[in-house]
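Below you'll find the structures, each written out as structure tokens.
Consider the two complexes below, in which chain A is the common component and chain B and chain C are the respective partners.
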Partner chain A sequence: MIGYWKKVYAKNDNVKAYTLLSPALILIILAMVVPMALMLSFSMFTQVNMMEIDYTFTFQRYIDFFQKNLLVTLLIKSIKISFLVTLITLITAYPVCYYIAFYVKKNKMLWLVLLTLPFWTSYLLRVFSWKIILGTKGVINSSLINAGILSEPLTFLMYSETAVVITLTHAWAAFALLPLYVSLEKIDFSFIEAGRDLGLSRFEVFWKITFPLSLPGVIGAILIIFIPTVGDYVTPALLGGTDGRMLSNMIQAYFGKINNIPLGAASATIMLTTVILITIIVSNVTKRLTQRLT
Partner chain B sequence: MNEKNNTLLIYTLLYFVFLYVPVLFLPIFSFNDANYMSFPLAGFTTEHYEEMWSKRNLHKALWASIKVGVVASVISTTIALFAAKAFARYKFRGEKISYGGIMMPFLIPEIILAVAILIIWINLGFKLGLVPVTIGHTLFCTPFAMLILIARIEGFDFSLEEASRDLGENAWGTFFRVSFPLYLPGIVAALLLSFIISFDEFILAFFLTGSDATLPMYMWGQMRFVQKLPHVLALGAVIIVFTTFIVLLAFWLRNVGQGKAKKDIALKL
Partner chain C sequence: MSNSFIQINNISKHFKDVKAVDDVSFEIKEGEFFSLLGPSGCGKTTLLRLLAGFEYPTSGNLLIDGIDITALPPDKRPTNMVFQNYAIFPHLNVEKNIKFGLRKLGLSHDEIGNRVKDVLKLVKLEGYEERFSNQLSGGQRQRVALARALVRQPKVLLLDEPLGALDKKLRDEMQLELRTLQKNIGITFVFVTHDQQEAISMSDRVAVMNDGKIQQLSAPNELYKNPKNIFVSDFIGETNFLKAETKSSDGGFINVSIEELGEFKIKNNLNIAANSSDVVCSVRPESMMISNVKSDWDICLDAKIRQTSYLGEMTRFYVEVKGIDKTITVSSQHFDNQSFENNECFISISLEDISLLNKK
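Coming up: the complex of A and B.
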């Protein structure tokens, strides 16, 4: 019997691969798939009172979600903030990657390491440092007041959507820089030279050659920034105030002081579904765009 | 390209300023002799650093974070090593789906992972604490560790392993005497970066720690009180220096010895 299995093992790459993968797959199933399935079923229960949950299946929590203006508004706001953050991060990071990929000749890796280094310092601390900068007694306001430019602190800087967008743009920069750089670095420079030789202007070369070829990196960056930021909790909690609140803050409240686990689970499920839908749309649209452009 | 582009260079340098300046404010204000973080600076003091020695809750939280970080990084790097080997070495059915599945925790909003683990943990009747946090961190660190290890293993010449087998070494011998030494820099890099990710992680800890605060949870608790902020700044500055050191070490390890180690092994064989 053992001999038989040894033979199967030695011959079959599938068996070998899945033997090696089994610890990772077991971890994913036990710590992610099963808990998420349970979360899904809890979204169909009812919280009777602080302690009790009624386990009969109902879709009422999803109806509740869409009937509560606050929750729908927060969902839309979360998507809007993530969309803005993704867009701004991409636009601001692209020229940097372009410069390093095409103009830097020595020590490209060093540039890249330096660009991603701040990302490794604690997320909480990076968000916190923006609080120091944007606060009513923070760096910007105190400097402007001391310089005599302002008499009152700028209040829109702190506890607002603007604060959340600025902070998230800073926090997620590394996730745009890496995929963009990788895709730009791969571009064969002779394509660009060919374009120039054929008399295209710099602008045309960029739009018709460089940009389409860098699209895989753009898509990667979009997904890797957009998806996690939709569910961000720390930044809106520290800097958002009431204006910059996002859906996560409400989900936390349902599991905390409001104690409505089914509605919290339903909100989390709706967030996840939205994220998956947007991912599918983005990758399909960009796939078509890539086909058309290249 | 042989030309220069000064506009882009200036832009890139400004972008560096944007990335670095916010982080540098923490160490700057940690030496400032005032409770408010505003300019002009009031005076130089190391008082906030001294204050850290007397905070017992801080020491407890630090110890909790170290325990969670060590356990989570060792388990996730071990799991990731096997998985990375499978992806780098074999072509197999369901490769893409397995890869996507293992990368999922890295993509899904963390709050969803936290909520899901919270629900199952409570309903199994367990108490919240460092154990569920460690499970969550292991789940979250595994994709990171796997990415680093795949990059290391992909450049690996598998004929070295075959040669070792042909020369009569068994599977374990081959692993410990040939593969492991070659993977080692990658493994250490994965361990270090996983540790840092776990050490800094907030959301999973926030939902799952209960009363055993980790270091980020401790800082979160202190951030609400203005008079307690200065020692959080000092703590933050220490963490930044520590993290930077570990990450640079990991980056260096990841790139070092890729060519040289191979030669060594080839010579030994």
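Coming up: the complex of A and C.
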């Protein structure tokens, strides 16, 4: 029997491949495919009361979602917050990466390590530290009041959309730095010199050569920030207040306090689909845009 | 033909403590194929980059066609460059790469189309408009780089070792092609290379550089026949050096004692001082003969062959002359089909083929 399997194994490359892949495959099936399938099926059931679920197949939950103004508003707000976070991160991280890639000659690694140093502490700790900075008695407000610039603390800083955007931007910046740096690092400086040699100003060279060539990194950074932040619920829960609440907080509530698992599952599915659609559109539009640019 | 189309006046470029280019002055004529030749780190590429505007000189000034370009940025200079790695923009196809440099020239749509068509024909790349850099061979990339620079019709074309990445056969072809192209379009070429054969075969004039300075600037055949110093003599072609000492001077001639060979009277073209031991004699391989019979040349020495290595057009002999071990290189045609009994041979040199050089 063992001899037979040995023969099969030796002859068949597919068997070999699947054997090698099996630990990862099993993990993915158990931790990704099964939960996704469960979520999809639950989104098509009905919560009858606190304890009971009606397992008849229906699309009603999806209709419910779009009939509830709150959910649609929260979905739009989640996208808006993530979009802002992504944009601010890109605008701040890109020049830093550009500088390290083209102007730092020695110890590039040291620069990158120093930039990512804050990210060695836990995500939760970083979120809490922003509470200390942004709070009504936090670093910003108390120093402004002590300096006599303000008489009352700025309230929009804390428990607001602003707080969520600031915190998420900081929390995810490191993840934008790396793909941006890698794509800029790869650009041969002679491309930039060639651009200047062919009569373009520094500014034009940037838009026609450097930026298009760094596009893979830009798209990578967009996806790496946009996807996780749109579904983040820790930061809005801790710093968002009512103003900064996002759809994920609502989904969490449907699975917990409110106990409407099917509607929660439907909301999650809608969110997932939206994120997938947005990433596809964003990468295509960015590519198209740069083609127009050049 | 102006004699000073490009003027390089007392140009120095220092990088921290390194003098990459050290107080260099010379002129390049209009329509000339001019080469900067030297080993790596000699300052030739820095000098080219100074002309292109990628570096600015520490001191001195540069003029092209009477206009001072010393402080002008690259995009304002009448020069274009063919980069060592070609620097073909990978996100643009061949046509867009070539059009890239035309957008700022204010040409009409038709004019742009015509120029692109003409230059593609010139570099024999018609039909490759849609290709991208990664779909081209090394030689084709080189042509795109050339076309992209030439389409702007610069006054001066700068070439930074453009043939370095090609294999030998293709390189030889491109040498000829570049030379023909340059003669046809009449643009001044400034060509940087570390390959002496390349510089010699293509250029009207060559500046040999070392340690940031021009060692010799002359026509290729002059470099070979009348090197001004030991560096040029060694760098250009193959040569044999013989230790020497000058004795008394005698008009255009000087008495020189060469190693153990004796004293000879040879021409003193470089006005080398008498009674100096800082000199050396150089003899080209084709001016030496190794034979199994005595010759009637000015110098004919008995020698014993210890070892030979065949290098193709030249052969290296490891010989013993009057008890001294010596390596000499001789044109292979000068001893073909000769057999040496007991490895005994005669080395012959004609006095007029010995050039006397200063060591420094």
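What we mean here is this: the second predicted complex is superposed on the first by the 268 of 294 C-alpha atoms of A that agree within 3 Å, B and C clash if a C-alpha of one lies under 4 Å from a C-alpha of the other, contacts with A are read in each partner's own complex, and residues count from 1 in each chain.
Rule of thumb we're sticking to: a contact is a pair of C-beta atoms (placed from the backbone, for glycine too) under 8 Å apart; a residue touches a chain by one contact, two chains touch by 3 or more.
Fair warning: this is a prediction, and the values are worked out from it, not measured in the lab.
Following the overlay on chain A, a side-by-side fit with no clash is recorded for the pair chain B and chain C. Contacts of A:Gln252 after superposition on the shared chain: chain B is touched, whereas chain C is not.
With both structures placed on the common chain, the touch criterion links A:Ile76 to neither chain B nor chain C. Of the two partner chains placed by superposition, only chain C is touched by A:Pro212; chain B is not.
In the superposed model, A:Leu124 makes contact with chain B only, not with chain C. Look at A:Ile63: by the touch rule set out above, it reaches neither chain B nor chain C.
When the two structures are aligned on the shared chain, A:Gly264 is found in touch with chain B, with no touch to chain C.
Judged by the touch definition given at the top, the superposed model places A:Leu277 against neither chain B nor chain C. In the superposition on chain A, A:Leu20 contacts chain B only, with no contact to chain C.
Of the two partners chain B and chain C, it is B that touches the larger number of chain A residues. The overlay of the two complexes leaves chain B and chain C separated by a minimum Cα distance of 8 Å. Chain A residues in contact with chain B (one complex) as well as with chain C (other complex) do not exist. Chain C contributes residues 52-54, 73-75, 79-81, 83-85, 87, 89-92, 96, 100-101, 103-105, 148-149, 152 to its touches with chain A in the complex.
Chain A makes touch with chain C in their complex at residues 188, 190-191, 193-201, 208-209, 212-213, 290, 294. Within the complex formed with chain A, the chain B residues making contact are 1, 4-5, 8-9, 11-12, 15-16, 18-20, 22-23, 25-26, 29, 36-40, 78-80, 82-83, 85-86, 89-93, 95, 98, 101-102, 104-105, 107-113, 115-120, 123, 135-136, 138-139, 142, 146, 193, 196, 199-200, 202-203, 206-207, 216, 219-220, 223, 232, 236, 239-240, 243-244, 247-248, 251, 255. Of all the residues in chain A, the ones that touch chain B in their complex are 13-14, 16-18, 20-25, 27-28, 31-32, 34-36, 38-39, 42, 92-93, 95-96, 98-100, 102-103, 109, 113-115, 117-118, 120-126, 128-130, 132-133, 135, 137-139, 141-143, 146, 170, 173, 189, 223-224, 227-228, 230-234, 238, 248, 251-252, 255, 261, 264-265, 268, 271-272, 275.
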